[in-house]
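Going in written order, the chains are labelled A, B, C and D, and every chain counts its residues from 1.
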Amino acid sequence: MNKEQDLDVILLGRIAIDFNPIEIYCGLEDSQTFKKYLGGSPANIAVGLARLKQRVGFIGMISDDQFGKFVLHYFEKEGIDTSHIVKARHNENLGLTFTEIKSDSDSSILMYRNEAADLKLEVSDISEHYIQRAKYLVISGTALSQSPSREATLKALYIAKKYHIVVVFDIDYRSYTWNHHDELSIYYSIIAEKSDIIIGSKEEYDLMYALEGSNLTCNEIAKKAQASGSQLVVIKEGKDGSLVYSANEIYRVKPIPVKLLKSFGGGDAYASALIYGLLMKLPLADTLLLATASASMLVSSHSCSADMPTIEQLEQFIQEKLKTMNADNIVWSL
Amino acid sequence: MNKEQDLDVILLGRIAIDFNPIEIYCGLEDSQTFKKYLGGSPANIAVGLARLKQRVGFIGMISDDQFGKFVLHYFEKEGIDTSHIVKARHNENLGLTFTEIKSDSDSSILMYRNEAADLKLEVSDISEHYIQRAKYLVISGTALSQSPSREATLKALYIAKKYHIVVVFDIDYRSYTWNHHDELSIYYSIIAEKSDIIIGSKEEYDLMYALEGSNLTCNEIAKKAQASGSQLVVIKEGKDGSLVYSANEIYRVKPIPVKLLKSFGGGDAYASALIYGLLMKLPLADTLLLATASASMLVSSHSCSADMPTIEQLEQFIQEKLKTMNADNIVWSL
Amino acid sequence: MNKEQDLDVILLGRIAIDFNPIEIYCGLEDSQTFKKYLGGSPANIAVGLARLKQRVGFIGMISDDQFGKFVLHYFEKEGIDTSHIVKARHNENLGLTFTEIKSDSDSSILMYRNEAADLKLEVSDISEHYIQRAKYLVISGTALSQSPSREATLKALYIAKKYHIVVVFDIDYRSYTWNHHDELSIYYSIIAEKSDIIIGSKEEYDLMYALEGSNLTCNEIAKKAQASGSQLVVIKEGKDGSLVYSANEIYRVKPIPVKLLKSFGGGDAYASALIYGLLMKLPLADTLLLATASASMLVSSHSCSADMPTIEQLEQFIQEKLKTMNADNIVWSL
Amino acid sequence: MNKEQDLDVILLGRIAIDFNPIEIYCGLEDSQTFKKYLGGSPANIAVGLARLKQRVGFIGMISDDQFGKFVLHYFEKEGIDTSHIVKARHNENLGLTFTEIKSDSDSSILMYRNEAADLKLEVSDISEHYIQRAKYLVISGTALSQSPSREATLKALYIAKKYHIVVVFDIDYRSYTWNHHDELSIYYSIIAEKSDIIIGSKEEYDLMYALEGSNLTCNEIAKKAQASGSQLVVIKEGKDGSLVYSANEIYRVKPIPVKLLKSFGGGDAYASALIYGLLMKLPLADTLLLATASASMLVSSHSCSADMPTIEQLEQFIQEKLKTMNADNIVWSL
């Protein structure tokens, strides 16, 4: 290990505030009371990794107001390094996500993303020295959706490659942030070609490879990604779980049944446990069991960040579940 | 009366959503739960007037989402005509106001105003026929802060003058929306010169007349406004109450003591009761008593819209207060 | 006279560069060689007034490049005060006008106006002290078409009114600079209501008064303008010449026949001679004869600025023309 | 050959208008007469290739006005396919370049690039079918400087790679179009990694590789470019000529002495003759002789496009020069 690598993982991208209604299972227009949570996919994963005792850093932009202060306090409390989270320069706000939970399977969101701070990150905010300090760099695809955040992200990628830092690409597609499908195909491809690990849904891979051909099967997707050098390709298929391609093996991962509260948040929990397992060099099957367990825990809770489990909570949850089901029915090699 | 005048008053300007913390008397970063209310000064005044049984219309722009739907439902429930509230054309959001109530006298706000829908109102959204239907047009000064809302407001003003509709100008200065002090002096002056009634704080009048000279006394302010044709000039002086200049008389109006919850919202209540009294052709002293009473009721309640009083509530509040104090110590002619 | 009034007239607005083809009477795409001239209506009028020995100042913004330097040199050579011409702050360019002269009556233009420097003039560029130094302020209507130049112009207007400086409004409508017809009606009206002298074509007055009613006759236009305080109303009717309304009289002014080279530039010459006559307190009929003579001289020359006549050239031209026609057939009182 | 490949080369990027002063050797502010030429580096190269009898297509955006019409007529007259040159959708203008020729070695330019049409090219303007028709795709680096042209260029690149079309990257750095040096390093690198042929000056390569390390020698630059797959790397060193690296050989190419008129335009001539030689599969040394000869012819003429030589003119020029100098002193293998 490079002795400068005093961080396990640095994440780059969006930090937001989630407002989740207390009066759930009704339209958002009728919700009257809201709870405020830290949100944004890479921010959630950062919290997840910190709870799993990894040394976590973050590159991002926050608002220069009370909500920005809330984020900093929150991250500091979780032990996340905030030295490279910069403040908005032109009164940009943090993005907001008001969630509408109509039923356990019908959730939607109302976004405040106009002039959002996270997309104003600039190339000059990216420090070569900071990135060198990490073993892993996690790039969130929404950071690519607009300039100047797009170029800041590409700069971070180039620096990571220069120092042979493991690059994780979490595609995290959000339809409202992109101008044209071709643009996301282009930028997703540029990142994917240089990523060691890619995490996305089948639909996200289809969008990524749309310029080069379409209607790819999961196997074809994995082959394409591996051809340009990716070591691990995770393809999520919603309620069917996920397919995970390593160099030599393919795993099928099933969700662990729980009482659903909401239909989102699971992906971020999955990603944080997956990256944890990789950093800890756990066997891949064990890593994937942690990942799917963490996802199940999150979709049965009210928040996406505050409810991220510790390793003890994860293990206890798995132990509990394994009383009634077999691990081989959750994760198995094809 | 023009037989087409089936509306008492039309208001033009900002509609917003207020998120008021349930955990008050702490910094906003530490507030965890928020109640959602209709907000925005002219929207609050509209609700106030509707509760006072006036026939109210509104010209404004809302978001094309669940929050916009919330506004429409709310207005409709209050009996406010929403036929000329248009939907945002380019995914603009409703403005949000997160209030921070640190003590009964120390409140501040965190605004979400980037690409706010209300400032996107266009001249083509202003209907000559609609404005003709009202006796009064109330213009909120924040609508002047940016184009194209600025020009839409000026168009409404010109139409109102053409049909001899009474123009009320509520200066409603917000520092964060203007580029340069000279710009607000210019536009406030353009509106004030054509307004029959002007409502503002001493500071707001100072800003308005800054280009033409400074350090005006209240009497000089009133004289200037009357010289260009205003019939009624209301100058608010915070805790000292207000000075009200009609053509022949000057009134001093004092606040009615209450237990304060927050230091904002009173102005909108004041304005709605004032316009109510004018529309009902009540004696000016009686009108001003209603206005100051309504203001006091609001600053002791949690919201700026939902707590607007009915005439019965207002009268009951006044009656209660008059048990221990004399009306002549609240409103008197100088 | 205020002893500080060491300038006869200050003009505010657009300075541009004209490129007039040497190969005329063909489409612009086929013109290969171009001559560069100073252009922009108020800049042309400034040169015209300087040639008529008036003390001229200018408020405007130029590019920070060789073309801006060209403008400064040109103005200085003509004796125009350039102390309040500011340089563009964000690499804006001077507007360009490529003229296409297909025949003596069929001219058109290709404009370069994207991010033009003149429309970036700001309120902070307007000096109260400078405007005080002039007897007349000439406002060009194109300066109203976009912010922040719009507000800078309104600020200059308010300052001029404060010091009782004569305001001349040259409507100078250009279709490509405005977002919506209602907007120009609004801003033209705001300026016109405070102007002592208005110069415009019949079509321009129709646009100005469109919000308030339409299909006005010239007499009705003049009456409206006089009602809000204008002392002199000039209505141009193209080849039919112009109608000029003073407080007591109406004049018909005919063009003086010349061999046309191009169909533009005459208006600026007319305006400069008109303002000259007013400043010199010449009889109105004599002033108008100079104005129409100057217009005729310009439309028979290649440029709009470089060919502005001196008083000697004007008088010689008139003397020559009066050998074959009667002055009473050029300008007469109705 | 793919039977659909009915075009030898398609160029993508900027088309502009050059205005070159007739009064040279003075400051631009003093130049009075200008000649209009087609300009823009890829447009010049397109003309150069057409004169060398190649079948040329172009992807770009022009203004919807007389200057746009001039471009189309010019290209059509030269036999260049204009079927994929689109018209500006929002009144953007063609970029303009006013050249200032102070001496034979001191030239500078004044650019009109605000809202230039060429940078508004969109991904939807890029046709997969059109690019398939060419053997070579030439990408000009200025097209990468801003969105949406940036993404349109990347899309063209991905399509070219999909169909194994030879990609030529002409770096063509212009300082005024980029926000930050890191951004150009990023985008130049993305293109270079997928290019078969790269043409640039030493300074341009330094900018390209700045993120990855600095102070590279020419040999190191070539090695880096070859490592990511480039077959031919041309490094221009101004008056010293150029170094050209193929897979197996390195050539030194010297300029052929001529009487200089201006210090620009030579690069485009060089590129067109180089691409011509490659398309014709001429020996590399012969190709480079044509390239340097073409460059010399251009810097001694008034325009950058109109003076592009035919093959007969090139050969005659070389023959003439070889009377007094040896070919081996112009191009030689190291």
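Going forward, a contact is a pair of C-beta atoms (placed from the backbone, for glycine too) under 8 Å apart; a residue touches a chain by one contact, two chains touch by 3 or more.
All of these numbers come straight from a predicted model, not from anything done at the bench.
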Hop count on the shortest chain-contact route linking subunit C and subunit D comes to 1
Based on CA centres, what chain would you say lies at the far end from subunit D?
B
When the C-alpha atoms of subunit B and subunit C are each averaged to a single point, how far apart are the two points in Å?
42
What is the distance in Å between the mean C-alpha positions of subunit B and subunit D?
61
What positions in subunit A touch 2 or more of the other chains?
none
Among line, ring, star, complete and other, the chain contact graph is ring
Interchain pairs in contact, sorted by label:
A-B, A-D, B-C, C-D
Where on subunit B does subunit A make contact in their complex?
19, 22, 27-36, 65-67, 69-70, 73, 91-93, 96, 98, 100, 110, 112, 114-115, 176
Along subunit D, where are the residues that touch subunit A in the complex?
122-124, 126, 147-148, 151, 154-155, 158-159, 162, 179-180, 182-183, 185-186, 189-190, 211-212
